[in-house]
Every structure is written in structure tokens, then in C-alpha cells.
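Input: a single structure, listed below in C-alpha cells.
All chains are identified by letter, namely A, B and C, in their written order; residue positions are counted from 1 within each chain.
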Amino acid sequence: MRLAIGMLTATALLVGTAQAQELRVGFMATFTGPGANLGQHLRDGFLLGLDHLGGKLGGLDTRLFIADDQLKPDVARQEVDKLLEKEKVHFVVGVVFSNILLAIYKPVIESGAFLISANAGPSQIAGAQCSERFFSTSWQNDQTHSALGKYAQEKGYKRVFLLAPNYQAGKDGLTGFKRYYKGTVVDEVYTQLGAVDFSAEIAKIQAAKPDAVYAFMPGGPGIALVKQYFQAGLTKQIPLLSAFTVDDTSLPALGSAAEGLISASQWAADFDNPANRRFVADFRAKYGYVPSYFAAQAYDAAQFLDAGIKGAGGRLDDKAALRDALRRAQFPSVKGKWKLNTNHIPINDFYYVTPGKLADGTPAMVKGELVFADYGDEYAKDCPMRW
Amino acid sequence: MEPTLLVVQFLNGIQLGTLLFLVASGLTLVFGILDVINLAHGVVYMVGAYAAASTFVRSGSLALAIAIAPVAALLVGLLLDRLVLRFLYDRNHLDQVLATFGVILFVDEAVRAIFGPAALPYPLPPAFEWSLELPGGATYPAWRLVIIVSGLVLAAILFGILHRTRAGMVVRAAATDPGMLAMLGVDIRRLFLVVLGAGSALAGFAGALAGPIVAVQPGMGDSVLILSFVVIVTGGLGSVQGALLGSFLVGLADTLGRSFLTDLLRLLLPPAAANEVGPALASMAIYLVMAIVLLIRPQGLVSLRRAAR
Amino acid sequence: MRAATRAPVSVRKLEGGSVAPLVFVALALAVLGADLWAGPYYVKLLTRAMIVALAALALDLLVGLAGLVSLGHAAFVGIGAYAVGILAEHGITSGWIQWPVALVASAAAAAVIGALSLRTRGVHFIMITLAFAQMLYFAANSLSRYGGDDGLTIWNRSDFGGIVSLADRRTFAWLCFVLLLSVYVALARLSASRFGRVLRGAKDNERRMAALGFAVTRFRLVAFVISGTVAGLAGVLLANLTEFVAPAYMSWHRSGELLAMVVLGGMGSLYGAILGAFAFVLLEELLSRFTTHWALLFGPFLVLVVLVGRGGIAGLLARLGRIR
């Protein structure tokens, strides 16, 4: 009976019979606490993607279950257990933060469902612990840092001051930067988690007189850092390069304090391709704010699932076929191109981006020159998967 | 170069200390008079910052924004008293902690629901976008000077009121021995309301001052609250003098720890180890200071009750 | 005099009277029912609630019995969890090694922190326990060898060589049940013993107990160490349940939540802490199902519990019992 349904997928779909033909997707992100803003971007992007596909991924009726990880690893684990065991989802999509992704990684990939990261990309998962049940529509964490390191190197900055929060992603981030930056690192300062006063660090920067500062400071602390750097009059004197600090989620709060600051990204709102033009216009019309890379990656995640499930003929229980179809999936990505590395993380072009204006004058991060073409992450070689 | 850096970092510590004092002074008096632990004090700080930020963005007037913040904070502080605090006067500390923790959850979430989860813009007007040139090439941002000066002026006014006026004497007496004062016919509850209102206004003012420096977002009061508690416990509960002392101690310990600890450790340890240990120790610095103070003087630096006994 | 007349009542309350057995019977039925009808997710949810209840129970021994309000108890949960995680990371998965190491580590930490903290009283005690917990939290954050703040995935649960398999959710749930029950019985006996009476006496009047010749601080230190060790056991179980450890387990929010559970359930009754933990975990689960703004409901609920529900859930049950 099961086989018969499998063979008659198309007809089954038309008459809408078997329960197995309903696609169940769990979407997990951070909706409460300091990271809630990013979760909102991620969810809105995914919802718009689903909307553009008529509410059906791969032509299947799709039921979406939204879960809040609260940025607490054990809550995330509980929520993902609910998605897997109670809602019996076929896919878990989303996840803003690396520590949350790591907390839910084992249960999801061992359950038979697929895990699609729309943002976080920790090195463990990109490397030795990669899995055929895991796919990403974003990046590996280090890539943006490396792109900025390369930018600093090409700009000829001789002495750079590094600043990051005292946690794992911070240390990894600075390592990523140093991979392509070969000049002198005058100092490497790690700040307290959630710190909002950077006067001590700024004074050290002033004393060290570097050619440039590289900062990785996501969320509220990043906003504080950029404002204080500007107030100290340093923005015009010492270029501030940053990752995940000045972006479309923080730009509204930063305003003119972010003017001229450099970051890097594999996507910007002014990317000129048909998919992106439609995405940005409809996103702004529907949600009333400018999408960020979080939203873009989640939008791509919906398109990616759609293409993959279609490629597998809508058969959700043949995991090997579904995996192969996801690997082969092609769709009009808002980034302008789509290619997966062997570790299932996209190979991206990275551009430097800077605050500017969209065609209608709205402030947004806009694309600068290309820094890295077809950049696959460094950890892929440690991943044993070959396909 | 080093001496200038030291001066700048010292100023930074003082600036953090003045902000903390504005929040901590209200907290310590509220505790001193009615023995109430008010965790919702951090929320009031956030309200001040939100009131100032939204006023400034709409009106463009920083003066108006900074004037409105304490008023909004005062109203919220008194509203909280009406709704929650007044039922907690005679309860134990645990009940107070739990109920005001509930208030934090509610107000943080309400702010998120109303203003959205993203940080509000709160830029500085161009008039303050300059820095003081210090000898040796260092600079100090004007707005931070404004914070230091206005904070110190307010602290001076507060001390003037507390030590030079009759009303202040009553407040100090209430913080030392409220039972005795009540017997003398002073309406402790009314006095408490006045102090709570003033403390809330100060916290709201601190929020308005800090807004342009930090990110104005839901939950911004939580870290300030914890720091303020560290301050008042280190300084001695109920004592405004202790709060001032504690504020500067915590401000300086935090700032100097962050600036010099890693460098100092590099003299002793290999750089990689210093990079590992330094920031961790710097994060712990204020808690270490508090633990040490409490171990040596379990009542804090300035002990009111003991002096009164 | 008043204290003397009150004592028998509170002793009865502490032993749980007829309520505590009902609580455990209900719990056993819930686990059984969830297993049979509601599905695996609910078994896990109950398991998590039982683990949290164990930590709350540990805290109630301190708060309710000894009157020592610790705002740093999540640190001991974290130490227990990290001991499992770190040993597993080094390939030592045997539970016969992991569990004793974890318990000894949390007991040792509790002995040091307790000895120092007990020099203070009241609010100062709250704050100094918070201070130590924060230091441990920041220390865990800087353990980059073990993932720093990203935390550590535990690829294999504690291995007891085929005697019990923690990988089986049913076994794991019943193991938690048995542990919770045994710890409850042990602590209830302890609280009814001379040891418990000294602690309660010192809570009501420290000077009197000291004058009677009891080394109050030593009794309190023992209570602190027992409490820390039980919290460490909760950490061991939590690490095995979530197959993950992170510094977030030790944040002050978690310590605050544990306190909230104790008050919610009704302080000093021990079984109240268990009820409080269940109410907390289940309410969070229920409310978050309705809206992502669940804190808008949960915050006022906490306020109401304090304002209206004196004595928490246990107090409510006691009152109901009296009416009957």
C-alpha cells in the first residue's frame, strides 16, 4: 500500500488523500530576549518565501510549526523534541545562533528529519561533524570574517586592532579574520558578554593608533560600540571594519553613526537580479522594513526546500532520494547564484557592504566590490562526505 | 602614553560609576526605608531611556527628551507601587524578589510588544559630537563628560538634601531605623513614596543619559540592575554614601580590569593563555570585589545599622 | 513561645503529611499515562520537569528549611552537567566514573562557596551566592577547549554497562522518578531529624540555637553541601537528557527561576518545590503555545502567586485539606 502511494504521488496529490503527503516543517528561531529582532527577520523571510510559493513547498500542502528557542540551549532541545516527536516534522528550519544549532543538531539528524540552517554555521558542523541530514542556506561562520580579513589585507592596512566578545564565536571570528590578514595585529581584545560600555576599549584603540579596527560585535553591544566609536570621533580617523555588527537589523538604530563603516556579506538588498528585486519589494510591502541577510537566507531556505522536494518527486519518506534531490536542487536564489559545497554549506561570492541608500532613498546596506568569488569554507575538507 | 591612558580609563570608570550611582541611590534608599528589594528598578531605567529616545526622535529636542524621561520614570515607579510594591512592604525578601521579577518579565515583554524587538534609534545632536583633546593625543567624548558632570551635580544635590535639610534628615533616619521614626509620628509610607518617586526619576534620568551610548532595547535594564545591586551591597545597604563609594569602586574595578588585566597577565603568562584568562577574570572583577568586601566586612563598606546600634 | 507551638505543625508539613505520597503517585501515573497515550514528547517533558524538580528540591532544603536564600544554585547544576560533558569529551563515558566525579565536584564547590558565603546573612547572602555563581558562569564561558559559550554536545549518554540504558527514554524517565523519590525521602527524613530541627531553629532564632550550644554555621554548611550535591545530580541528569551542556545552564536567570519554583510551590515543604517545578515547566510550555509574548501572562502570574497565594501551591493544598 505504501509503495503504491509512493508510485502514484502525482495522483495522490491531486486527490489529496494520504496524510503522508502533508509536509510538516518546524521553524525554530529566537523570538524572546535580546536576539528576538533577528528571529523576527528570519521568520518573516521564510514566511514570505512560503507565500511566494502559494503556501506549498514542493507542491505539497505545508503545515508550519513555529518554535521559540528563547536563546536557551535546553529550551531549544525541548522545543525540537516537540517538533520531532509530537509534530513529526520532516524538516527543522531556521536557527539564528550557533549554540542553539549545536544543541539541536544531534537530536534532529538522528531522528530522520532534515535540519536546514538559515543562518548559524559553526565550524564543527561544517567540518568533521558534518551530516547528510544537514543543509545550510547561509554560510560558515568564519567566511564573513575571512572576507573582511582579505579586505583589510588588500587595503594595505599595516596594523589592525581586533575586538570581539569573549565567547567562542568571537574567538573563531578573529581567527577567521587573521586567516587572510597578514599584517600586524596590534592588540586582540575580548570584551565581556553583553557589555554595553566600550569606553575602556576605545581608549586602548586611541592609544594604540592602529590603521584600522576590526570588530565582531553582534546585537545590542554592537550598536553601543558603533555609537561610542562615533562619539569618540574615531569613525572618520580609524576605519572600523566589522562583521555582524553593522547590518540591516542594526542600521535603523545606528543612523548616521554607521556612515562609511565597512562590513562584508554574500547578499545585499540592492543585488540586481529578478528574484532579489521581487523579494525585497514584496518584503518591504508586506512587513514594512528593509530585509536583512537573515531574511534573505530564510527566503532562500523556503525556495531550496521547494526545489529539493520537487526534485524528489514529493516523496518525503525516501530519505536518500530526498538528500540527493536537495544536493541537486536549483532555484533562483536572491544571491544570484546557488551552489553547495561538499559539506552542504553554500559556496558564496562575498562583497564588502556599507550603509547607503536604496533606489527610493531608504537607508540600507549596499553592495561594494567583490572580495571573494566562489568562496567555499575552510572546514569542508575535514568533512568526510563526498558526492 | 601610559599615564594619559590611565587618566582616560580612570575617567571612564568614574563615568560608569556616576551612571550606576544614579540607579543605585534610589535602590538603596528604597531598601533602607522599607526593607523592600525592588528588582523592578532596572525596568524604570529602561522606561527612562525609551521615553527619551522616542521623544527625541519625534521632537528633535534633546532637552525635551531628557526632561521627559525622569517624569515618565517617576510615573511608572509610582504606578508600580500602586499595583505591586505596596502589597510587598511587609513580605519577606523572597516574595519581593519573585513579584518584582514578575514585573521585569512583564514590562520587558510589553516594551517588546509595543516598540518591537529592535533597538530604538537615539542619536546625539551634532552639538555633542565632539571630543575633548587631552594632552598626549587622547580624546574624551563630550557626552561622557556631560554624564560625569550632571551625575556628580545630582549626587551633590542629593547629599545636600540628605545632610543639610530637615526632610533629608528624616529620610536618613528612616533608612537607619524606620521603626523608631514611625513611633515618632512620621508617615513612613508617604516618605517611602517620595523616596521611591525620586529614586525612579533618577533612574529614568540615568536611562536618558545612557541612551545615546548604549542600545535602547528591551531588557537593557537587567544588566544595570545586577550591577546596581552589586554596588549597593558592596557599599552597604541603605546608605547613599555607601552607594556612591560602591558605584565608583565597581565602575573603576570593571573599567580598569577590562583595560589592564590582560596586559598585566601577558607579563606573567604566554600570550595565548593571557588572552584566555584575562577577559574571564575581567568579567569576574566586580563580583570578586564584592565577594572580597563582603568577606572582610559582611555589612558592606558603609554600615548604617551597626553604626546606629 | 510562639515558635514552640508552631513547630509540630511545620514538622508535619515538612514531612509532607498525606500530600507527598499523593504527589508521587500522581507523578508515576502521569509518566505511565504519557508513555501509554500521550507520546514520547510528553515523557521527555515530564522527565525534564522531574530533573528541574530535583534542583528545586535541593534549593528548598536551603531556602525553606535553613532560611538561606541562594541566588546561585544554577551554578551547581552547571558543575554537575559540565563534569559529565567534559569527561564524555575525553572519551570517558562510563557512568560509574562520570556520576561520582560530578557529585564530588559539585559537593566540593558547594563546600568552598558555602564556607565563604555563610559568613554573611540575609540580602548579603543572596548577593554573595550570586557573585560566586556569576564567576563560575564567566569561567565556563571562557572554557574554549570545551566550546566556550557555544557549549558542548554530548555524543554518548552516561554508560552503565547494560544495567540501565539512559538512551531509552522510558528507562531514563523512571530512573529520574526513582532518584527524585529517593532524594525526597532522604531530605524529608533529614528535615525531621535533629539536624533539621537545628536548622529550623536557627532560621527562627539563630542566637538562641547558638546559646544552646549548636555550631549553627557548621550545620548550615552541611545543608549547603547536601543541597549543592543534589543540584549537581540534577545537572548530571540534565546533561544526559539534553545531550548538551552550555554556560547558559548556570546563568543567574536560571538561579532566579529555581527560586521562583520554590516559592511557587510553597517554601519549606519539600514536596512543594516539586509541585512548583512542575507548575513552572508546564506553564511555560502551555503559555508559549499560545503566544510568543508569553511573558506578558507569566509575569503577572508570578506577581499574583506572591500577592494572593500565600504559601504557594503547597499552602493551597494544605488549606483545601483543612476545609475538607
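Quick notes on this structure:
In the analysis below, a contact is a pair of C-beta atoms (placed from the backbone, for glycine too) under 8 Å apart; a residue touches a chain by one contact, two chains touch by 3 or more.
What you see is a predicted model, and the numbers here were worked out from it, not measured in a lab.
Common neighbours of subunit A and subunit B, by the contact definition above: C. Between the interfaces B-C and A-C, more contacting C-beta pairs are found at B-C. Of all chains, the one whose Cα centroid sits at the greatest distance from that of subunit C is A. With centres defined as mean CA coordinates, subunit C is found 37 Å away from subunit A.
Subunit C has its Cα centroid 32 Å from the Cα centroid of subunit B.
Counting partner chains per residue, subunit C has residues 138, 141-142, 144, 294-295 touching two or more of them.
Counting only residues that touch two or more partner chains, subunit A has 31-32, 166, 192-193. Looking at subunit B, one finds that residues 109, 112, 279-280, 283 touch two or more other chains. Within the complex formed with subunit C, the subunit B residues making contact are 31, 37, 84, 87-88, 91, 93-95, 97-99, 101-110, 112-113, 226, 229-230, 233, 237, 276-277, 279-280, 283-284, 287-288, 290-291, 294-295, 298-300. Against subunit C, in their complex, subunit A makes its touches with residues 31-32, 68, 71-74, 77-78, 81-82, 85-86, 98-99, 102-103, 105-107, 122, 124, 166-169, 171, 192-193. If you check the complex, the residues on subunit B that touch subunit A are 1, 4-5, 8-9, 12, 15-16, 109, 112, 116-124, 128-131, 137-139, 141-144, 212-220, 223, 255-256, 258-259, 262, 275, 278-280, 282-283. Across the complex, subunit C meets subunit B through its residues 63, 69, 116, 119-124, 126-128, 130-132, 134-135, 138-139, 141-142, 144, 252, 256, 259-260, 263-264, 267, 293-296, 298-303, 305-307. Partner subunit A is touched in their complex by these residues of subunit C: 39-42, 44-45, 48, 138, 141-142, 144, 147-151, 153, 155, 238, 241-244, 246, 248-249, 285, 288, 292, 294-295.
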